[in-house]
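There are structures below to look over.
Heads up, the next two complexes both have chain A, just with different partners, chain B and then chain C.
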Partner chain A sequence: MFVARSIAADHKDLIHDVSFDFHGRRMATCSSDQSVKVWDKSESGDWHCTASWKTHSGSVWRVTWAHPEFGQVLASCSFDRTAAVWEEIVGESNDKLRGQSHWVKRTTLVDSRTSVTDVKFAPKHMGLMLATCSADGIVRIYEAPDVMNLSQWSLQHEISCKLSCSCISWNPSSSRAHSPMIAVGSDDSSPNAMAKVQIFEYNENTRKYAKAETLLTVTDPVHDIAFAPNLGRSFHILAIATKDVRIFTLKPVRKELTSSGGPTKFEIHIVAQFDNHNSQVWRVSWNITGTVLASSGDDGCVRLWKANYMDNWKCTGILKGNGSPVNGSSQQGNSNPSLGSNIPNLQNSLNGSSAGRYFFPPLDSPRAGSRWSSYAQLLPPPPPPPPPLIEHSCDADTASLQYPHPRRRSLSRPLNPLPENEGV
Partner chain B sequence: MEELDSEPTVTLIPGVNSQKKQMCFDWGPGEMLVCETSFNKKEKSDMVPGCPFIHIIRKNEDVYSQILRKLFNESHGIFVGLQRLEEELTGKSRKTQLVRVSKNYRSVIRACLEEMHQLAIAGKDPAIGRQFSIQVSSLSAMELIWNLCEILFIEVAPAGPLLLHLLDWVQLHVCEVDSLSADVLGSENPSKHERFWNLPGNTQTLTELELKWQHWHEECERHLQDGTFASSPHLESLCKVMLGDEAALLEQKGLLSTWYHFLVTRLLYSHPTVKPTDLHFYAQSSLDLFLGGESSPEPLDNILMAAFEFDIHQVIKECSIALSNWWFVAHLTDLLDHCKLLQSHNLYFGSNMREFLLLEYASGLFAHHSLWQLGVDYFDHCPELGRVSLELHIERIPLSTEQKALKVLRVCEQRQMTEQVRSICKILAMKAVRNNRLGSALSWSIRAKDAAFATLVSDRFLRDYCERGCFSDLDLIDNLGPAMMLSDRLTFLGKYREFHRLYGEKRFVDAASLLLSLMTSQIAPRSFWMTLLTDALPLLEQKQVIFSAEQTYELMRCLEDLTSERPVRGEPDAQQLQDDDVETTKVEMLRLALARNLARSIIKEGSLEGS
Partner chain C sequence: MLCASKALRCALRELPGGGASRAGTGRVGGGQSESVRDVQFSIRDYFTFASTFENGNVQLWDIRRPDRCERMFTAHNGPVFCCDWHPEDRGWLATGGRDKMVKVWDMTTHRAKEVHCVQTIASVARVKWRPECRHHLATCSMMVDHNIYVWDVRRPFVPAAMFEEHRDVTTGIAWRHPHDPSFLLSGSKDSTLCQHLFRDASQPVERANPEGLCYGLFGDLAFAAKESLVATESGRKPYTGDRRHPIFFKRKLDPAEPFSGLASSALSVFEMEPGSSSMSWFVDTAERYALAGRPLAELCDHNAKVARDLGRNQVAQTWTMLRIIYCSPGLVPTTNLNHSVGKGSSCGLPLMNSFNLKDMAPGLGSETRLDRSKGDARSDTVLLDSSATLITNEDNEETEGSDVPADYLLGDVEGEDDELYLLDPEHAHSEEPEYVLPQEAFPLRHEIVDTPPGPEHLQDKADSPHVSGNEADAASLVPVDSSFSLISVSHALYDSRLPPDFFSALVCDMLRFYAEQGDVQMAVSVLIVLGERVRKDIDEQTQEHWYTSYIDLLQRFCLWNVSNQVVKLSTSRAISCLNQASTTLHVNCSHCKRPMSSRGWVCDRCHHCASMCAVCHHVVKGLFVWCQGCSHGGHLQHIMKWLEGSSHCPAGCGHLCEYS
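Right, the complex of A and B next:
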């Protein structure tokens, strides 16, 4: 892991959410300054802000992208009790010339009477649907029946959760075996120890969402919740951010064993629980294959969790603030990650990127006198006691470099110059 | 397999104060976004935004290295070849092939190593040079480990040849070994040694060799005991070396850069016919003696030791952390798996270690804008989760150009990944519609087999036609073929265009009956009937009779249907139609033309039948 770029966000207040689009070529940020900004990645890899506009009359908590099958569409939710849907308009040659794009508000969803705390688009196989949840304890599901007319959204479902809602997550499974499902978390902090995570499932017969499960063991305020990508499994994986990070599996009990027609029942198991953030955990999110979970907590760190092939979950990486200001005011950071000077750890260059740090203890970065570093076999090996590595760097004494004897190099066939696999 | 405790890697985010603030983040396909925030909404005191930066975090740096990309490209070919090897060969030829594959992998590492080394010494900037030399050191460690694994696990050299291989191994990897052996061998009695070392030849058995060697060994020992070399301390220590005396060897520690060099030297002089199974014993004691309690083993030592112990899983585990480079463990594990050396461990999701490592490696390749193409083949050879992983990764590839989109589609189509094909085409169709490129939108929605979207785009085409009186993208519409059946509206669009073509070719009778059938078969949307009837007008006004009497009745019925339903439905179109003088005139003109044509056709049909 390394910081490839740092981009000056230029928001006038706290940023609450950052969001990549489906392909990772665009991102959106939202802030207490009531605005949303959209950023585009150029061919050269630079990021440019292509739109910035006032979206709400309160702090904007969350911003999220619809699947590109529905065009370029964003949803935002705010303290101002509304959620809004935005669409990018193509054309406007003046804007294009200035490298700016134009976003128009397609709808304002005003049903909530309190702050709208989360907004999520449904999995694309369900069509263009949107769920919001709010501090008044209601999850609302909206649908745009005509994907070419995003100004018409109809409120399809209102699910009362009885508790102030903080977060929602759609189950991404598109398997026919799984009905649409949404998990809701509550950050209600009143002393009554009620379960804070509820799971609702859509019933084809009643055409309504009904409560399928309540995670009884989760009684502390929940700040975020995330279903993992399904990978063709029969069961579901759900991550929860509460006073710690928890990972649950939800295994559907076979239908014939349950009363027919009712919601699916699940066998629920906790498979991991980590209190490494010391206090509250605020965000959890899965990578695109659901193999790594990232969590963010009160310790100011983002931690990465991964199950090895023994189904044993471990922290494999930590992103931590270094507390010092970003160098200079240049808005783009390293353009050459391999050689950049602000790579925190030299080891990252080849033998230390976090990729492999998974099963085992870390290797110290090559240090002076380390035998590891002296295994640079093409370099003159250090006589004992080994002098500092620096004296053995390659410019030290090139004359003494010995390549293996030619007769030993029979296996070292010359490498054909490869045409670079460029320009896909 | 027991777990070793591991410390996670720490990546520092500049400018973020983790003491006071938290971070919000998001995953992208190949990168992560991180940004300072404060989640505790109650504490509004600190209104000043701290770090106003969004940080892009990348996971895998290797894929961005030009030189390592050659490693990835070259080894990909070897990997794919190895997967094909599976069915073809058995027995000895199979082993020969596997050894050859292993050597190919090593030669790729070595080529990379040399190129990296050139860069390390060529660079003016010492910092850059240091970066490269770290990579050189890492690559050479990889080759060292791989080579040892090749000797022990793939060649499976028996006692005798084993030591020869180990000598080669040390010689290849310890640069100064040539000078060292020259030192040692040069000053001893060379003939004696050479005669010994030509063994074991084809003519001699291992037992014969052992006997002869024993004899020679005893002779040396006798010389030493008799004090033959007492006058010369150098000669005496040389003799001790030849007897494999550990203390004497250790005195020359300076010449033996590493413990494994010491090991091989020691074996050469004391146990030339060492059996593979005894290796770990000598290796362990050599390591202990060489380090002499001064320092503790480092990761590379542990890896090599695990190899000498023939503990393949331990080798892979240790390599996974020490190298932290999926390329190495993925390819080595795959090769060892082809050697049938890995017991199948039942893993999470029912996957195994080979697949686990290949999936990690391939996922890393997908972070790169072109290396993902190599990743596809790796996923293809992961029977459990390769397919679903490929599905999740490939749909995230940015479709920046049509060419790239076609490349991605080809990969999906070859693998019957219908949902991904549909989704990609749909994304492109949507993009084209938004940019008003209707032809492109139509062909993508046909490819996506998206009937609803094809209907939508067809409507746009028809709307454009109504507004402008001509069609765009004629080539596409004229050559729809069976794709026309995707949606009724698309069928109509195709057929309507066909009507225009027939009309243009002056095939009026065909054109007329097609036009009529579009309405009577209900393919044409009602909203379009008035346009169709208007199109009939010139045909009705032709000199010769084109519409038969029966056809004319049908046309009249269509017109009456349309005009009579208007007030009831009250659609804006209908309303407009009624209000609009032009439209009213049109209806009257149509009625007149129809009546006239009816008269003419009755006369014509009557006179034809009469004749």
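Right, the complex of A and C next:
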């Protein structure tokens, strides 16, 4: 179950990206105020800003961590047409005493002539590489040949996508059977109905990236794209944030069957498509095992999606952005007006057993530094519900599918987490 | 008309309405050492003008006093390329410089005060206030940037509008009419003159992503969203926005402006409750699984128990089934015998973890006898007998005594089991309050598909009530759930007929299933535990893929020891070399303090044995701990014990060693 911890970010403009590091103990945020902030998690679980510095002379769109094997390294990209690589300096200084760390710019990548919209480090097994994409539709792949020297990056590949790019995602698979692959999304809003997601694959023979697939069904502007952590799967899962949330699987067709040397062919299936956000979807993010997808949309909510054993994807949770109480039915939008009335039924079906409905009490003073701003608590006989922050049910059929599981009922623990904790 | 020269002067000629005939010429400013970049008459004051300089200064002049400037201040870091007075009577002056900034100064106060500062992405060559819009100004750059931006000075980071028509640098901009905010003219080095309509401008604000979202390692979610997005539904005004910029919300906004005030984001982290973290099962499992060093059946049982403790019944079930498939005594003749006798011998012990030692001893004894009689044609029948009579203790007394090797084996296994039993209650005790994990299992449907249908029916027919009753007696630690006992009992019924190869395809499918489900931990653990039994059926590349994925995951959770164990236990060459790269340890001799050049324990130079324990004076092999101050050290255990009693170095060198 979730507890919302609100953090006074103190960015002076919109925050465009949040990124956890490899170990999940540090967090970086970037904002239009041209700065990047690094947050470290203390023993008590509070997030402390340990560095904040001006990184670019324009809005910083994205920030991303490199694998810690390469040091504490961040990359950022900006409206000012550059991407930059930053490294934390470890050493004795006065800053350390104040709990501040020092980050230095190692390089600026200035090849783009337009806004650089995304930057991503390649999976570790490929070495120290990073990809950027820009509004002029070019994906650039850089490599630092010497991992000890972060100031030298050479431009290895330039891939032209023909469309203004908004997001990229590396395929994280470490299998030798999967050649390096990168998916590119475009937010081009011109009326032509071109496919907005292209997938490029590295060809060992030509040593170039070539287009492997185009997702023809995605024709609306794409704002985010994310491959799921692979974890030994033979296929790839790709989540796309466009006007709705979509999840695709890409199954490589066995090499023997295709002509050798050419790009891998994929069997592409759309396994889920959700318009529950009722609006533009801005971000998608996978959990570490690639089993739960989080998406956020213009409705200000985060929704969690998880597949059941039949590979049916369902909504398993809704989180409200600022941790404040919202009206449950209005948050559902018009598509599910029945949710409010649905709650009593759910309770009845559970026979009064405490199966975990969590409500957040109203905030006393919402922002005063990083601290517990709201506590989840169980209100045993649900009163006329204070609007739930976290819905464990998305709509009527989901609820009926999830709750009256006999085992759950017999093992009614008051604070059971979401079903995804099984993690399988 | 004002004109300024790049030379050291600033010149002024005044041409009042009458025309050139009455041109009174005057010179203003003498002895300026810097060249002037721009001069502009004030709109507010007839006699005042501003001039900007290469060195970053801005001067304010009164034309009636040509000898010295009225006011001077440093506006920019580097040349100030341009300035523009606000068209309305406000006394605001905008200046743009090479430092990529546009600053708005309030000149009405005694000291020029910076009221706004806009960061652009290139040096600012021209700046022009937009008519009829108090806070808008247009800028262009003569450097790399070809675009024209219109900024709202109150939101200094994001341009309100952007014109991207020019293909080369824009050299000049002008609003077409002093009272029309929609037409902008611009000239460029691409030989074009453009008239832009404000309506057509692209608005970067609209395209900017208002949200950030990231899934953390432990299932926590960081979410940053534009406050208006998350606040609208609750019907509240964004709190911080109000507080931070109170003025803008009070002022009546110009309807022509594309947005109102500043936007800010709310950042929050949705965390899992401590202990209920969605990945704690992974960490626990990784730490507690036994992967090697014990007989297969024990490993399976132990791992099954770990999984069940964590509420992962499906996984527990799988381990139990693996044990049944691979460890039933009927297999002993057929399994590869390069596994230790210990493994084979303890096979066939049903429900090891629910037995106490007394029960186990006779079981072991009978098994060992079986072992010795393997190859016998009657082994199968004996097997059935033994498992049937297992529960009765007295029956087995003589078997235990009769076998000489049984004692050895017994002692061995017993010792390990002691450890197991010592550990487990402790775990169970300490973890019960801590890990509130869902008891909810994954639906079992597919698992049933995995098991061969034939034995399943047999198993149903097995006299389960009888056996499970016995087990309930024997179970001292763990309540056995009934399905478990059902399956575990059934082994004797079908294992004797089916060779393990029969299952290997199924087991491989099962491993793949787990991998596809994102539980690579299970795939790798089973792969290691079963070793040769399944390895040949899964292609090398897949195995390697699983290993690398699992190791990566372990390292994310900082489970270095587990990850190293996995690396060590892996058979894939690409994996097992992982922990051998770049792990050089440089050692100095503790006698002569010189680097040890050769391999081994003896120092080349002083011919002393280098790694003696300072406590027991024996050579240390294995874990060696040094004091970094005096370089004395020894067995970890010895040093720990020593330093409990004394803070001085055990070698007697007088150093106060610190052990942390």
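To be clear about the criterion, the second predicted complex is superposed on the first by the 317 of 424 C-alpha atoms of A that agree within 3 Å, B and C clash if a C-alpha of one lies under 4 Å from a C-alpha of the other, contacts with A are read in each partner's own complex, and residues count from 1 in each chain.
Following the convention adopted for this analysis, a residue touches a chain if its C-beta (ideal position, glycine included) is under 8 Å from a C-beta of that chain, and two chains touch if they have at least 3 such contacts.
Remember, predicted model here, so these are calculated numbers, not experimental data.
Colleague: A:70 contacts which: chain B (first), chain C (second), both, neither?
Modeller: So A:70 only meets chain B here.
Colleague: Considering only the touch criterion stated at the top, classify A:177 as touching first (chain B), second (chain C), both, or neither.
Modeller: second
Colleague: Counting only touches as set out at the top, which of chain B and chain C does A:254 meet: first, second, both, neither?
Modeller: It touches nothing on chain B or chain C.
Colleague: Please determine whether it is chain B or chain C that touches the greater number of chain A residues.
Modeller: Residues of chain A touched, chain B against chain C: more for B.
Colleague: Could you tell me if A:287 is touching chain B, chain C, both of them or neither one (first, second, both, neither)?
Modeller: In the superposition, A:287 touches chain B and chain C alike.
Colleague: Touch test for A:148: chain B only (first), chain C only (second), both, or neither?
Modeller: first
Colleague: For A:303 in the superposed arrangement: first (chain B), second (chain C), both or neither?
Modeller: first
Colleague: Quick one: is A:34 in contact with chain B, with chain C, with both, or with neither? Answer first, second, both or neither.
Modeller: Only chain C; A:34 stays clear of chain B.
Colleague: Counting only touches as set out at the top, which of chain B and chain C does A:207 meet: first, second, both, neither?
Modeller: neither
Colleague: A:320 contacts which: chain B (first), chain C (second), both, neither?
Modeller: Both chain B and chain C are touched by A:320.
Colleague: Would you tell me the residues on chain A in contact with chain B in one complex that are also in contact with chain C in the other?
Modeller: 1-9, 11-20, 22-24, 27, 29, 47, 124, 174, 223, 229, 231-233, 282-283, 285-289, 291, 294, 296-300, 302, 308-309, 319-327, 366, 373, 376, 405, 408, 411, 413, 415, 418, 420-424
Colleague: Which residues of chain A touch chain C in their complex?
Modeller: Of all residues in chain A, those touching chain C are 1-9, 11-20, 22-24, 27, 29-34, 45, 47, 56-59, 61, 79-81, 115, 124-125, 173-177, 187, 223-224, 229-235, 282-292, 294-300, 302, 308-309, 319-327, 330-331, 366-367, 373, 376, 405, 407-408, 411, 413, 415-424.
Colleague: Would you mind writing out the residues of chain C in touch with chain A in their complex?
Modeller: Touching chain A from chain C are residues 100, 119-122, 144, 155, 157-158, 204, 207-227, 229-234, 236, 239-240, 262-274, 276, 278-279, 281-282, 311-312, 314-315, 436-443, 445-446, 512, 514-520, 523-524, 541-542, 544-546, 548-550, 552-553, 555-558.
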